[in-house]
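My questions will all concern the structure given below.
A, B, C, D and E label the chains in the order they appear, each numbered from 1.
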Amino acid sequence: MENYMLLAPEIILALVGLTILLAGLLIGTNNKNILGYIASAGLIAALCLTISNISVNETMFYGTITIDALSQFFKIVFISVSLLVTIASIKYTEGNKNTDEFFTLLLFSTVGMMVVASANDLITLFVGFELASLSTYALAGFEKNNPKSIEAAMKYFIIGSLSSALMLFGISFVYGMTGTTSIPGIAENAGALAASPIGLIAVVMLIAGFGFKMALVPFHMWAPDTYQGAPTVVSALLAAGSKKMGFVAAFRVLVVALAVLSPTWQTAFAALAIITMTLGNVVAVSQTSIKRMLAYSSVAQAGYISMAFVVMTPMALTGGILYTLSHAFMKTGAFLVVAVVGYMVLSDNKNAKDIDHIDNFKGLAKRMPLTAFSMMVFVFALAGIPPTAGYMSKFILFSSTIESGLVWLAVIAILNSALSLYYYARIVKYMYFLPASGGKVSEPVPYAIAIILALAGVLVIGIWPEPFVYWAMEAAKVLMI
Amino acid sequence: MAIEYLAFLIPLLPALAFVITFFFGKKMYSGGALIPIGAIAISCIISILITINLLQNPEEVVHQSFHWFAILNLGILIDPLAGVMLCMVSFVSLLIHIYAVGYMSHDPAKPRYFAETALFTAAMLGVVLSDNILQLFICWELVGLCSYLLIGFWFQKPSAAAAAKKAFLTTRVGDVMFLTGIIILFSSIFTIYNGNLPEGVYVLQFNEIFKLIPELSAMHTTILGSEVSMLTIIALLFFGGAVGKSGQFPLHVWLPDAMEGPTTVSALIHAATMVTAGVYLVARTFPMFMGAPDALIVVAYVGGFTALFASTMGIVMNDIKRVLAFSTISQLGYMMLGLGMGAVVGMEAVGVSMFHLINHAFFKALLFLCAGSVIHSVGTQDMRQMGGVGKVMPITFITMLVASLALAGFGIPGTQIGTSGFFSKDAIIETTYLFGEHTGNYIPYIFGIVAALLTSIYIFRLLFMTFTGKPRTDYGGHESPSSMTGPLSILAVLALFFGALTQTKFYHFLEGTFENSFVHVNIEHLAELGNYHLVHGHHGEPLLILWMPIIVGVAGLLISFLIYYLNVVDMSKIVSRNNVVFKLLYNRYYQHQIFIEIISLHLTYGLSLVGEFIDRKIIDGIIDGISDGTIAIGEIIRKVQTGVVQSYATAVIAGVGLLIILLKLIVEVQ
Amino acid sequence: MISKAINGAVALLFLAVVALAVVTTTWITVDELPQNLADQSNIEAIGVQIFTQFVIPFEVLSLVLLGALIGAVYIAKSEVEK
Amino acid sequence: MIPLTYYLILSSIVFSIGLYGIMSQRNGVRLLMSVELMLNSANINLVAFSSYNDDMSGQVFTLFSIALAAAEAVIGFAILLSIFRMRDMINIDDINILRW
Amino acid sequence: MMPIVSLMILVPLIGAVLTLLTQTKEQARVIALVFSLAPLAGALYMIMQFNSLTPAMQFVESFDWIPSLGILYKVGVDGIAMPLVLLAAIVVPATIIYSWGEDKDANQFFGLILALQAGVMGVFTSLDFFLFYIFWELTLIPMYFLISIWGGPKKEYAAIKFFIYTHVASLVMLLGIFAIYFAVWAQTGVPSFEIPYLLEQFQFLESSLLRDSIFLALLFGFIVKMPAVPFHTWLPDAHVEAPTAGSVLLAAVLLKMGGYGLFRVMLPLLPFTGSPNMMISILAFIGVLSILYGAMLALAQTDLKKMVAYSSISHMGYVTLGAAALVPLSVSGAMFQQFSHGLITCLLFMSCGAIQHIAGTRIIADLGGLAQKMPKLTVLMMFGFMASLGLPGLSGFIAEFMILTFSYITLPGYVLLALLGIVVTAGYHLWAIQRSMFGVLNAKLGHLHDITNYETISMGILALLVLYFGLNPSPVLDMMTTNAEQIVSLMALAGV
C-alpha cells in the first residue's frame, strides 16, 4: 500500500483548489476574500506536511513518483512562494469577482510544480510541467482588460508552447534510444544515447524546454515582457516559483537521468550561464521599469544558478539548490514590494500609468519605511551582500567554482555580481535618497505580512543558514548518486 | 649636587609656560608675559648653576635617561657644550622676553606671542639637552614649528604667512636630510650589531653612536661610481639638516623673509634659538665629522661661501632687519667655517666656533633689539626713511654702535682688548689661514677675509644711514621704555666684554665635551680615520695675518663713512635699476625666482598637475569608461527585445540550432 | 519577405541537423514489430498502463484539463461591467 | 517493414514546418496550428518508438500529450479571443507594447 | 566571563536600531552617544585586561555556526586588533559629538554611524573568514547611505563608485578566501574558515601558483580598501562628497580595515608564497608609489577636503611600506601608523567639515584669513595639519619614523624615495594652511563664526590623544610589537 501521506501536500492543494472553485460559486463578490484565507490555510498545511516529511526517501506508484530530499526541498520552495503570493493576493484580488479562479489556478500551478519536483518519470514530469504552465498562462492574463496583461499572457503562451514542443520532441528521442520514460531506467540505458548524435540534439532540446522556464538566454525573451505585463503577484510566482520548476526538472532529467551525457550539457550550461548572467545584468542596468529590471535580474540569477550544472560538485549543487530557495524569497519579496508600490501609486491617482516605473520609488523610504527597508534588503540580497540569503547562496555557489578550479567562471560571475550592484543600488537610491512625491502611506496588511515573511526568510537564511545548508546538501546528495 | 636633578625642568618649565599662557594668558597681566619670563628665568638659573658646577668638575657631566618606547629613550645630557649653549639660550631668551613686554605691548595677540616664544625657547633648550639624536631631532622639528608660528605671527599679512611657510618648508628640506641621516645611521648600527641590538642599550644615544664611529667609518657604499664611507654620508646628511636650520647656502632663502615676524622674534631666531641649532648639531656630532673623510671640508666650504655670499647681499638692502638677516647668515657661515677647520685644529674648532656662536648671540640679539627699538619708535623698517635717529635715541644708538663694533670684530691683536666678535671671528679667520698653510688651499681664508670686509661695510652703512645725518622723513620718535633699553644695556656689556673675559677658559672648557664620564672619544684617533692631519701649537702666524681682520674691518668702516656719512659718492647713481651688479644683489641673486618659481611652482606643481591628469583622465577614465561602456552596451542589447513574439521564437530556435552546432564542435574537439 | 527567407533557412537548417542526426544514429529496435506478429489490439494494454503505472500523470492531467478549462473560460468570457 | 528512420524523418519535417510557421506567421491562429504541428510531430516519434521498442509507455505518453495539446489550444484560443476582442485583429506582430 | 568582544559588536548594533526608532534629533543623538560610549568603556576595559606580552588571541569566544561548512562564530583580539578596536571606539563617539547639531534625519544619521561601528568592530575582531567577510561587506552599506543621503552635489556618482569599486575588491578577496578554504580542505580533509587555522595551513599547500594566486587575490581586496595607488580613485570622490562624519569614519576606520587585513592575513602568508621577495617588492612598490603619488596629487588639489583625502592615500602608503619591510619594529610602526592616522585624519576632516559648513566652501582659493574669525578652529586644524605632516611629539611622527627607520634596514631604496615625499607632504599642508587660514580675510565669505563647543570638544579630545600617543605610544605600541615580532618570526621559519 502506498503511503498517501507523502502525497498529502499535493492532494490537499488540489482539493483546496477545487473547494475554492466551488465555494466561489456560493460566495458573493464581497466575501470572496475568504477564499484567499482558505488558500493560505491549505498552503500552510501543505508546507507543514512537506517539512514533516523532509527526510523521507521513497519511490511510489510504479516508480513514477519519488519523494526524496530534493523533491521536498523544492516543494518547500514552491509552497513558500505560493504562500507569499497568496497572502499578498488577498489584497490584490480584493473586490474582484474572479477571485476563485485566481486562487484555483494559483494552487493548481503550485501542484504542477510540486509534481515536477517529485517526478520520477518523464510522463509525470511533462504533465506536471504543463499543469504549471497552463495555469500560469491564464494567471498572466488575469487582468484581461489590460492590454499589457493579455500581451504578456500571449507571449508567455507562445514561447511556452514552443518550448513544450521542443521538450517533448527531445523527450521522444530520449525515449526512443532508451526505451523507457522512467528516470532511473533512462539513467541505466543512456549509454547508447550518449554514443549517438541524437543524444546531443535531445539534450539541447531538453535544455531549451527547461531553459524556457529558467529564462536562460536565449530562451528568456518572453520573461521580461511577461513579468512586466502580468499582474505583479503573478510575476512573483513566475519569477520565484515556476522558474525553479525548470531547475528541478533539469536536475531530475539531466543530472540524474542523463548523467552520462554530462560533458555535453555541462558545456552547454557553461555557455548559457555566462551569456545569461552577463546579458541579464547588462540589460537590467538600463531599465526604467522596476518589474522589467527585476525580470532581467531574475534572468541573471538564473545564470548564476546554472553554474551549478557546470561545476557539478556536491558543493555546487548545494549552492544551486540553496540559491533557488533564497531566490524564491528575494524575488517574491521584491515583486511584492513592486506590487505594494503599484497599489500606492494607484491610490494616489486612479489613472496612473506606468505604475511600475522606477520614478514611483522616489522617496519610498519616507512614504512606506517598512516596504522600503524590505526592498533594500531584497535587492542587496539579490546583489549578494551579506548577511542575507543571497549572499549565503552565492557564497556556496561561487566558492564551489573555485573548488573545482573553474576560476574563470568565478571571475565572470563575480564581475557580474558587482555589475548587478549598480542597478540594485539605483533602486535603493530612488527609495532613500530622492525626495518623496507624496505623504506617508500605510501598507495593506496582507502585503505587509507577505513582505515581512519574505524578509524573514531572506534574513534567517542569511544569518542562520545551517539547517538550510544541511537540507540543500541532503538534496544534492540525491543528485550525486 | 642636587641641582642636577632639576635639569629636566630646564625645557619643561618654558613648555608649561606655553600651555598656561596659551590657554589662560588672556586674563593675565600683559598677556601672561610674566609666566614665560619667570619660567625661563628659573631655567636660566638652573642652567647657570649646572654649568658652574660643570666648570669645576668638567668630568662629571649630567646625564639622565628614561625609557621611552621600543628601543628608544629620552634623556638629558649636560656636558660643557650643552652647558654653555643652555646658558646662552636661556639667558638671551630671557632678555628678549623682557624686552618684548614693552615691544609687544600694543599687540592684541600677546598671549599667543608669549606662549609661542616660550615654546620656542623650550624646544631649543630641548635640542641642546638631548642625549640622543632622535630626541634632538624631535626638538629640532619643534623649533621649526615654532619658527613657523612666530614668523607667521601676523598671519593676516599675506607676506608673513608666505614667509612662515617658506621658512618651514625650506628648513624641512634640511630636516628630511637630517632624518635620512638618522635612518641610515640607525640601519648601519643595526647592521653592525648584525640585527641583534644589545639589550638595555639605547643605540641612538650619542655615546653609543660615537663608540661605533670606527665601524661606521669602515662601512662603505658606492655612490655614482665612487666609494664613500657610510659615516661621511651620515655626517653630510646631518650637515644637510644644519644647512637648512642655520641658513647656509643654498637653503638660506628663508632667513631674510623670516623678518616678517615681530622683531623680537627675529632676534630670538637669529640670536638665541633656531639658527644656532644647526651649528650646535654639527658641534654635537663633531666626532662623527672628524671620523668621516671629506665631511669637514664640505662643511668648511659651504660655511665659507655662505659667509661671503650673504654679506654681498647685505650691502644693498634697505630694510634694516634684512641687512641684519644677511648678516646672520654670513656669521653662521663663519661658524660653519670654523667647525670645518676641525680638519686642521681638531677639537679646538668646536671651541672657536661655539665661542663665536655665543658672542654672536649676544651682539646679534643686541643688533636686533636695537633695530626693534628703532622700528618701534620710528614705525618703519626702511633705512631710507630714517636718518639721525641717534639723536632721539641715544641709548639705542650707543648699544647699536657697540654691537656693530663687535660684529665687525674690532680689537687689538695680541692684547686682551677687543669686542667679543674680535676674539671669536678673528680666531676663525686665523684658523682658516692655518688651514691654507697646511693644505695649500687658501680659498677658505679668502672667503673669510673678504666677508669680513663686506661685513664691516654693511654694518656701518646701516649705522650711518640710520643713526647719523638728518631725518629723511618726519618720523617723530622717542627713546624706548626701560623694559627695552634694560636688556639692551645688559647685552651691550656682554657684547663688549664677554670675549675678552672668557676666551681661553672657554676653549679649555669645551675640550672636555667629548672626554668625560658620559662619552670618551679620542679626537686625534678619529682624525686618522677621517684622513685629517691635525696641527698642534700653531701660534706663529705672521703679524700681517693677525692684523688682517682688523685692517679690513677698518677699511670697511672707512668706506661706509665716506659713502654714507660724507656722501662722497652719490649712491643713488650707482644704485639704479640698470646696474647689473646692483640688480643681481638687490634681487638676491634671483634665488627667490629660482627656488620658488622654478623648483617649487613650475616643477613640483607641474608634476603634481600631471599626476592629477593621470588620476582623473587615465585611471578614472578607465573606470568610468568601463561603467559607461557597460551601460551603452546594455542600451544596445535591450533593443534586441523587439516586442514581436515571433522574433522571440526565432531566437529560441536559433539558440537551439547554435547550441547544437557549438556543442558538436566542442564535443568533437574533445 | 527577407525575414521569411531567413526563417525558412533557420527551419531548414534545423531540419538538416535533426535529420542528419536521425539518419546517423543507430536506433535500437526489436527485430519484429509486435503488432505485425499477431493482429491484436493494444488498447487494453494502454488502458491498463494508464490506470496502473501512469495513474499519477493521469490524475494530474485531470487537473490540467480543469485548469485549462477554468483559465480559458475566465479569459475568453466577456465581461462588460455595468 | 518500414524502417524507423522514415518515421523519424517525417516527424522532423513536420516539426520543422511547425518551427517555420511559428517564426514566420503573423496570424495568431496559424501560430497555434504550428505549435500543434510540432507537438504532433513529437507524437509521431513517440508512437514510432513505442512500436519499434515494443514498449507501451510511448503510446500512453502520446495520449497524454494529445490531451495536453488540446488543453494548450484551449488556453491559446482564449487568449487570442481576448486579443481579438480588444483590438479587432489577431495579428501577433502588432502586439508589442511590451518591449525593450 | 562576559562575552566582551561580542558586546563590542552587539551594543552598537542595538544602538543603531534604537537610534533609528527615535523620533527627535535630541533623542537620537543622546542614545547614539550612550551606545557609542559603551564600546569605548569596553575597549578601555579590554586594554586594561590585555596582556601585551603574548601574541595569542585574547577574549576569544567561539561556537559553531554553520558546522556543515566548517564555519564558526569566533571572535577575539590580539595586539593587531586591539588598538584598532580602541580606535574605532574612540572615533565614533568623537564623530557623534562633532555631529551634535546634525538636523537632517538625525536618527538615521546616528543610527548609520553606529551600524558602521558595529561592522568595523566585527571586522577587527572576527577570527573566521566567513564572519570577517560578512562584517567587511556590512560596513559598505551604512557608508553608502551616509554618502548618498548627506553627501555633496556629486554624491550619487561618488557613492556608487565607492560601493561598487570596493565591492569588486571584496569579491576578489572572497575568491581568495574560497581558494584557501578549499585548498586547505582538500589538504587536511577538514573544512574550516577559521583565520588562524587557514593561515597556518597555507604553507602546506603544494602548488606555489595556487599560493601566489591566493595571496594576490586577498591582497587586492585589502589594498583597494586602503587604498593604494592605482586603485585609489574611489577615495577622493567619496571623501569630497561624503558628509564630515562620513569622511571621518571612512578615513579613520574603514581604510584601516585594509591595513588590518594586511597584518592579519597578508603578512603571515607572505613568507610562504612562491616568491616572497617578489611579493615584498610589490608591496613596497605600491607603498612608495602611494606615498609619493598621494602627496603629489594632494599638492594639485584645489579642494581642501580632496587634498586631505589624497594625504590619506599618501599616509596609508607608509602602512604598506612598513608592512613590506618585515622588520618587527617597522611592522609595528605600520600598525601604529594605522592607529595614529586614524586619529589625525579625524581632526583634518573635521576641520574641513567645519570650514565647509561655516564658510560655505572648501575651495582653497576662495578661502583665506579664516584664522581671524575662527581662532579655535585654526588652532585645532593647525594641530591636525602638523600632526599629519609628521611633526615630532605627535603620534604621526612616531609611526613614520619607525616605518622609515626600520624599513630602511631591508628596503633602503624604497625608503629613500619615500623620504622625498616628506617635503612634498609638508608643502601641501603648509600651502593649504597659508591659503585658507592665513592672509587677508576674503570678504566674499560673509559672516563667519567659530566652531561650536561640541565641535571643539570632539576635536580637542582627538588632539589630546594625538599628543598623548605621540609622547607615550607604549600603551598600544607594545602589544603591536609583540605581534609584529611573531609575524616576522614566520619569515625566519620560512627561511626567507
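In this text, contacts are C-beta pairs under 8 Å (C-beta built on N, C-alpha and C of every residue); 3 or more make two chains touch, one makes a residue touch a chain.
This structure is a prediction, so every number in the text was calculated from the model and none was measured.
Visitor: Can you list every chain that touches subunit A and also touches subunit E?
Guide: Expected: B.
Visitor: Using C-alpha centroids, which chain lies at the maximum separation from subunit C?
Guide: Comparing chain centres, B lies farthest from subunit C.
Visitor: Which chain's mean C-alpha position is nearest the mean C-alpha position of the whole protein set?
Guide: Centre-most chain by C-alpha means: E.
Visitor: Sort out for me whether B-E or B-D is joined by the greater number of C-beta contact pairs.
Guide: Taking the two pairs in turn, the one with more contacts turns out to be B-E.
Visitor: Could you give the separation in Å between the centres of subunit C and subunit E, each centre being the mean of its C-alpha atoms?
Guide: Centres of subunit C and subunit E (C-alpha means) sit 65 Å apart.
Visitor: Nearest whole angstrom, what separates the Cα centre of subunit B from the Cα centre of subunit C?
Guide: 99
Visitor: Can you check how far apart subunit A and subunit C are, centre to centre, with Cα atoms defining each centre and the answer in Å?
Guide: Comparing mean C-alpha positions, subunit C is 26 Å from subunit A.
Visitor: Name the residues of subunit A that each touch 2 or more other chains.
Guide: 123, 126-127, 130, 134, 137-138, 141, 144-145, 150, 153-155, 158, 162, 166, 176, 179, 200-201, 224-225, 419, 422
Visitor: I need the residues of subunit C touching at least two other chains; which ones are they?
Guide: As it turns out, subunit C has residues touching two or more other chains at 7, 10-11, 14, 17-18, 22, 27-28, 53-54, 57, 61, 64, 67-68, 71-72, 74-75.
Visitor: Specify, in ascending order, the residues of subunit B that touch 2 or more different other chains.
Guide: Within subunit B, the residues that touch at least two other chains are 627, 638, 641, 643, 645, 649-650, 653-654, 656, 660.
Visitor: Let me know each pair of chains that touch one another.
Guide: A-B, A-C, A-D, A-E, B-C, B-D, B-E, C-D
Visitor: So in the complex, the part of subunit B that touches subunit C is made up of which residues?
Guide: 650, 653-654, 656-657, 660-661
Visitor: Under the stated contact criterion, what part of subunit C meets subunit A in this complex?
Guide: Where subunit C meets subunit A, its residues are 17-18, 20-22, 24-28, 52-57, 60-61, 63-64, 66-68, 70-72, 74-75, 79.
Visitor: Can you tell me which positions in subunit A touch subunit B when the two form their complex?
Guide: For subunit A paired with subunit B, touching residues are 154-155, 158-159, 162-163, 166, 200-201, 203-205, 207-208, 212, 217-219, 221-222, 224-225, 263-264, 267-268, 271-272, 279, 282-287, 419, 422.
Visitor: What residues of subunit A sit close enough to touch subunit E in their complex?
Guide: It comes out as residues 380, 385-387, 391, 395-396, 398-399, 402-403, 407, 410-411, 414-415, 417-419, 421-422, 425-426, 428-429, 432-433, 464-466, 469-470, 473.
Visitor: In their complex, what parts of subunit C are in touch with subunit D?
Guide: Residue list for subunit C touching subunit D: 3-4, 7-8, 10-12, 14-15, 18-19, 22-23, 27-30, 32-36, 42, 45-46, 49-50, 53-54, 57-58, 61, 64-65, 67-69, 71-76, 78.
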